[in-house]
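Each structure below is given as structure tokens.
Below are two complexes that have chain A in common, paired first with chain B and then with chain C.
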Partner chain A sequence: MANHAVSLRRSRLRRYGTSYLMLVPFLGLFAGFLIWPLLNSLYLSFTSFDGIKPPTFTGLENFRRLLVEDERFRHALGNTSVYVAASVTLGTLLSLGLALAFNGSSWPHRVMRTIFFLPSVTSSIALMLMWKWIFFPSDVGLANTVLDWFGQKAVAWLATPGLTVPILVLMSVWGGMGYGMVLYVAGLGAIPEEYYEAARIDGASTWQQFRRITLPLLRPVTTYVVVTGLIGAFQVFEAVYIVFRGTNQIGGVLDSGLMIVPYLYDQGFTHFKLGYASAVAWVLFLIIFVISLVNLRLGRATKEL
Partner chain B sequence: MAIAPTTTPPGAAAVSPRGAARPRSRRARVNRHLLRLPFYLLSLTMIVPFYWLLITVFKRPAELAKLPPSFVPEQPVLDNFYDPLWSPSGVNPGHLQGIFQRFQVDFGFWRFMFNSIVITTAITVGSLLICSLAAYVIAKHDVKGRKVVFVMIIASMMVPWQTTLIPNYVIMRNLGWLDSYAGYIVPALAKAFVLFFLVQYLQSIPDELIQAARVDGAGEWRIWWRIVLPLLRPALAAMSIFIVLAEWNNFLWPLIIVQSDEMANLPVALARLNSYFAGPDHQGAIMAGGLLASLPTIAFFLVFQKYFTRGIALSGLRG
Partner chain C sequence: MRRLTAIGCIALLAATLTSCATSGQQQTEQADANAPASLSFWSTGGDDETAIFQKAADLYKRSHPNVTIKVQTLTWDDAYAKLLAAATSRTGPDIVSGGMTWMIQFGARGAMVDLRSHGLDALKAQAQPAQWDSAISPDGSVYGVPLDMSTFALYYRTDLLEKAGLGGPPKTWEELTDAIAKLRKAGVAKPYSQDWGNLDWIGYFNYLYQAGGGFYTDDCKPSLNTPQAEQALQYWVDLYRKHGAPTATVEGAEALDTGTALVVAGSWIAKGIDTGKPNLKGKWAMATLPAGPAGPTTFIGGRAIGVTAFSKYAKQGADFIKFLYGDEAIRAMVEEGKKRNLPYIPPRPDKIAESTFTPEQSAVFAQSIGSGKAAPGCPGWDESAPDVSKQLQAAILGKADVKTALAESAKIMERNAG
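And then the complex of A and B:
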């Protein structure tokens, strides 16, 4: 009996041992390149650190400067908010519209879906360079050529502060709506046709069917599209860096395109204020953390285990 | 060339897509087409920029600087890829370097293509192996602490990776991994989202197969390799699409860790090109580089189309 218990314990240990061993690669990398850096960046955000001399503790000084004094950061927050609100709203509406328009299996619908999805599989840097060329300041650019057809003078698109955020929104919506469309098409496919049949028998109009069946049943997809859209939009970087960066200003003319992550890059890797940049990183973290909490994904996922 | 219609998830009866629902009257049908019209027009705004990119690639540099711009290349050339008449001394005015002549590294532009392919492949294969191992334990092993670990990993999905950018940069510097493949690959292997997705997928698979293998005396590693991985194939396909696209386009991390010309991936190489050359006559070579950088992912999409839409749908409906 006792012998049996011992061997059982030993075999369980052996099995457990293997289990833990199988977790080691993931957990090691996870701890080394995510958990530790995360805690480290929290610590660095309370220090002054140039990357060479050891960091010196300065308490809340970074955050005080960031939130009270730093006009550039306030500017970056403002720009990012406008950009996020506009690009996510427009992107989601257009994704839904496209999905409703082209969710059939006929070839025109399939071709349309492919066309709108194409930016999602094209190199994103290539697309940024393409936009930069389209908005070329002289008449050789496509945007100015189109203006020229209507007798308008050439516009310095990328050097006009008021146009910076709208152009960034345009690039984001243009590139992202096909992806949202694919999600919505899948969501539409999951709605049983019987619901619509029943509604039609009851005399519901197309609009009523849309309002009472389609929209409510698409809510999980909408939540997903909006939340991932918000998170992605807050992290915008390369569009600003590639299209708007000037010789000494990362955020374009008068910082009109300065956003949170470009500012983080600017402070950390142009000015080597690594402590200050860590504080920026933690503000970004808090913003995205709040969005994720609202999404309550955590609660849903753990319930299933 | 077209996205296949997404399959209906299990549980839902095979339904015709909603757009195919037959409206009762002719007027309703006409209305439906009218409602679609703006979206057909919108597709022009998708096609025109791509067309502009394509024709730019095949125009001579001199033609790119001409006014008004042409919408069909006067005489399509491949000079923007490689111009045999270009010479460093500039004896042939009007001839500029093609994209393959622009970088002072061995193998020129091919080097960046090679870097991108190596890095993307290594991260995709490596992270799928590592994440599937951990997912197998978390989903199917009754070990202590797995719940805590899983909650922690899910919680970490709320962390924007840029928050760890600065400490990770310092770590790379201390390890001497700046400007190396290790610096690209190793920090990118443990992907919380992939693990989360694989755990969810495994939980929907009954335990019997694994139990049966255990009864037959198969070890855990063997079970993972011979049973779990094949069972996970659709989930791995879906995840590999996300990983490939994300790593192929990865820009901010390489921008920070790459110092030499040789170790740039395609995005960083193109960004550098973009900051050195600005005139309209250089756009041909720049767009040629962009086109070349896009071809692998577009080809990947065309080959695995079915998995793309299915994978995206799966992540959206489950996640």
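And then the complex of A and C:
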């Protein structure tokens, strides 16, 4: 019996040995640069660690402080929630709108798709610097120059707390809708033309065709666009860091642009609280995990309706 | 068997995690002081600044042939995080420079050498007293010493002041608000703006000390609940709310170029105005900040320099820092700085006249620095500063009254003081 098991293992090793060997470089990198830091950060989230002295185990203290006492975290969570809701909703709707408008194969449609997709393949740092220039407070800022043409007074775009989240949403939607559009165009292309023909024969209006055929058949694409959009939006960092960061504050004036990841960075890398920052990271992971799960379940549930 | 292997793996992982999450601190063994040494100096700033420190390092090598120092640039944006990464792994630079209070922060956690052990506390006699106090730890440890200085100045457009019938720049708070009103009356749409420290505690610092107040008492007790602090904040808030100072920050030279008559900005902008904004040539000048009821106290900033605790060459690093305070090194750095049109004020007040600025500009800075104060080095200030700035912003933006903003700031400072 034992001999049989050994020979089975040997033959399996002979058969798949080369494959396993070829997987080693990837597995090594995956374990070293993803799994290991992940587990390390999980451990650190239960410690007090300043990055220099050895960590001391503090149990759930970081999580207690974060969820019960930390007003700044709650502020960051509130800002992030508004930002996520607005940017994902608007981004998804505009992606779908663009896809419906430019899903043909004619060259003007292809040119338009390329133009809208360009921000997705451009360096996000360059894009953020461009936005910063647009909202530059002086007369050389594009937004204020345009206002000046119409005789309007200059606006302190980046120093007005009420404008911070709307500007972040604008930047996100503008930069991300081209990517969603490409996914929707692919989704639209996969819907068989026969469905529309049958609907037209049955007298369905354009709206009815859209409502009853296009939207339901695009559900997998919508789920993908929404879930990836949610994950990306929850992790917003560059926009806040580059456009709104002040001398002493990462979240801009009155923390109006403070989001979870910039807060995490601030705690970990400017306040030497790496244990606390790890706890923020794991809370963010749980939030994204639960929301994505709900979204996927909702997508599945509505499919079964 | 499989379950056993899995349990074994998890146990091994947990053990590795707990033991290796960080390597912990070890004492770094020092290299033979007479053997050839190659040191790495991470300089926070730009490449031109790196070049002037490299010049000093090359000069040092002439008298110390065994010691080679290579200076590398860290940008202000990511320097702090990179230094933290280096301190965590205990590898990287031997010498580092950065913000005035950085060395205190890193030193308190065991990442910097207390330079008193190498006799560098003697440099106190040569440094600007307030800046020195700001660079050393509250317990007296010297983890870093001032590397250079920066301060504020009032930059003004001579043509616009003339247009408003003003004979010269305002010298007091009253004259400042008066000048703003006159400029506005003369049709100057942008009479005043603040660049460095706009909506930030550094901006409030000048008014606070000029009113006779301070963030802390001499024995580090938070002291923002005072009539002086209130008077200063009220004046600063009024500059925004009554006199139209913009809340959005425009870089000093840019502000002057786009028609702002009076601009409060850092010393470093003086160097680039004529070259960066040629239209302004002959149309601008500078003066010290207008004085408050208690005097003209102005903020002194700058960078600090120290030796890392994980360097094998602490002795050589400390000796190089001492060398940087010498006449020969300062002269070499100033010469190189002038070639590169770089703003550089040496950390020695007696050498301000030899800075890379024009004699007139240097005279203004010498006057500001002479009566200047630096950032509070009290425990908890670094943690408090961003939240104090937020309270000040709330007052400026009309979300809180002056008294409440100061009371909240004092509470924050007390909480963080421990």
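Note that the second predicted complex is superposed on the first by the 277 of 305 C-alpha atoms of A that agree within 3 Å, B and C clash if a C-alpha of one lies under 4 Å from a C-alpha of the other, contacts with A are read in each partner's own complex, and residues count from 1 in each chain.
Definition applied: contacts are C-beta pairs under 8 Å (C-beta built on N, C-alpha and C of every residue); 3 or more make two chains touch, one makes a residue touch a chain.
Not measured: the values here are computed from a predicted model.
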Message: Touch test for A:A101: chain B only (first), chain C only (second), both, or neither?
response: first
Field: First (chain B), second (chain C), both or neither touched by A:S138
entry: both
Task: Quick one: classify A:L254 as touching chain B (first), chain C (second), both or neither.
output: second
Message: Looking at A:F272 after the superposition, I want to know if it touches chain B, chain C, both of them or none. Which is it: first, second, both, neither?
response: second
Message: Tell me the contact category for A:K53 with respect to chain B and chain C: first, second, both or neither.
response: second
- request: Give one of first, second, both or neither to describe whether A:N40 is in contact with chain B, with chain C, with both, or with none.
  value: both
Task: Report the partner of chain A that touches more of its residues: chain B or chain C.
output: B
Query: For A:A156, is the partner it touches chain B (first), chain C (second), both, or none of the two (neither)?
result: second
- prompt: Where on chain A do the contacts from chain B and from chain C line up?
  reply: 40, 44, 51, 136, 138-140, 269
Query: Where on chain B does chain A make contact in their complex?
result: 1-9, 12-13, 15-21, 23-24, 28, 35-36, 39-40, 42-43, 45-50, 52-53, 56, 64-69, 130-131, 133-134, 136-138, 141, 143-144, 147, 149-151, 153-160, 162-171, 186-187, 189-190, 192, 195-196, 200, 203, 219-221, 224, 245, 248-249, 251-252, 255-256, 266-267, 270-271, 274-275, 280, 283, 286-287, 289-291, 293-294, 297-298, 300-301, 308-309, 312-313, 316-317, 319
Query: In the complex formed with chain C, which residues of chain A make contact?
result: 39-40, 43-44, 47, 49-55, 136-140, 156-161, 246-249, 253-255, 269-272
Message: Which residues of chain A touch chain B once you look at their complex with the stated criterion?
response: 15-16, 18-20, 22-23, 25-27, 29-30, 32-38, 40-41, 44, 51, 94, 97-98, 100-107, 109-127, 129-134, 136, 138-142, 145, 148, 174, 178-179, 182-183, 185-194, 196, 200, 206, 214, 220-221, 224-225, 231, 234-235, 237-238, 241-242, 245, 261, 264-265, 268-269, 274, 277-278, 281-282, 284-285, 288-289, 292-293, 297-298, 301-302, 304-305
Task: Please name which positions on chain C make contact with chain A in the complex.
output: 13, 17-18, 21-22, 24-25, 80-81, 84, 87-88, 105-106, 109-111, 197, 199-202, 246-250, 254-255, 258, 383, 385-386, 389-390, 393-394, 397, 399
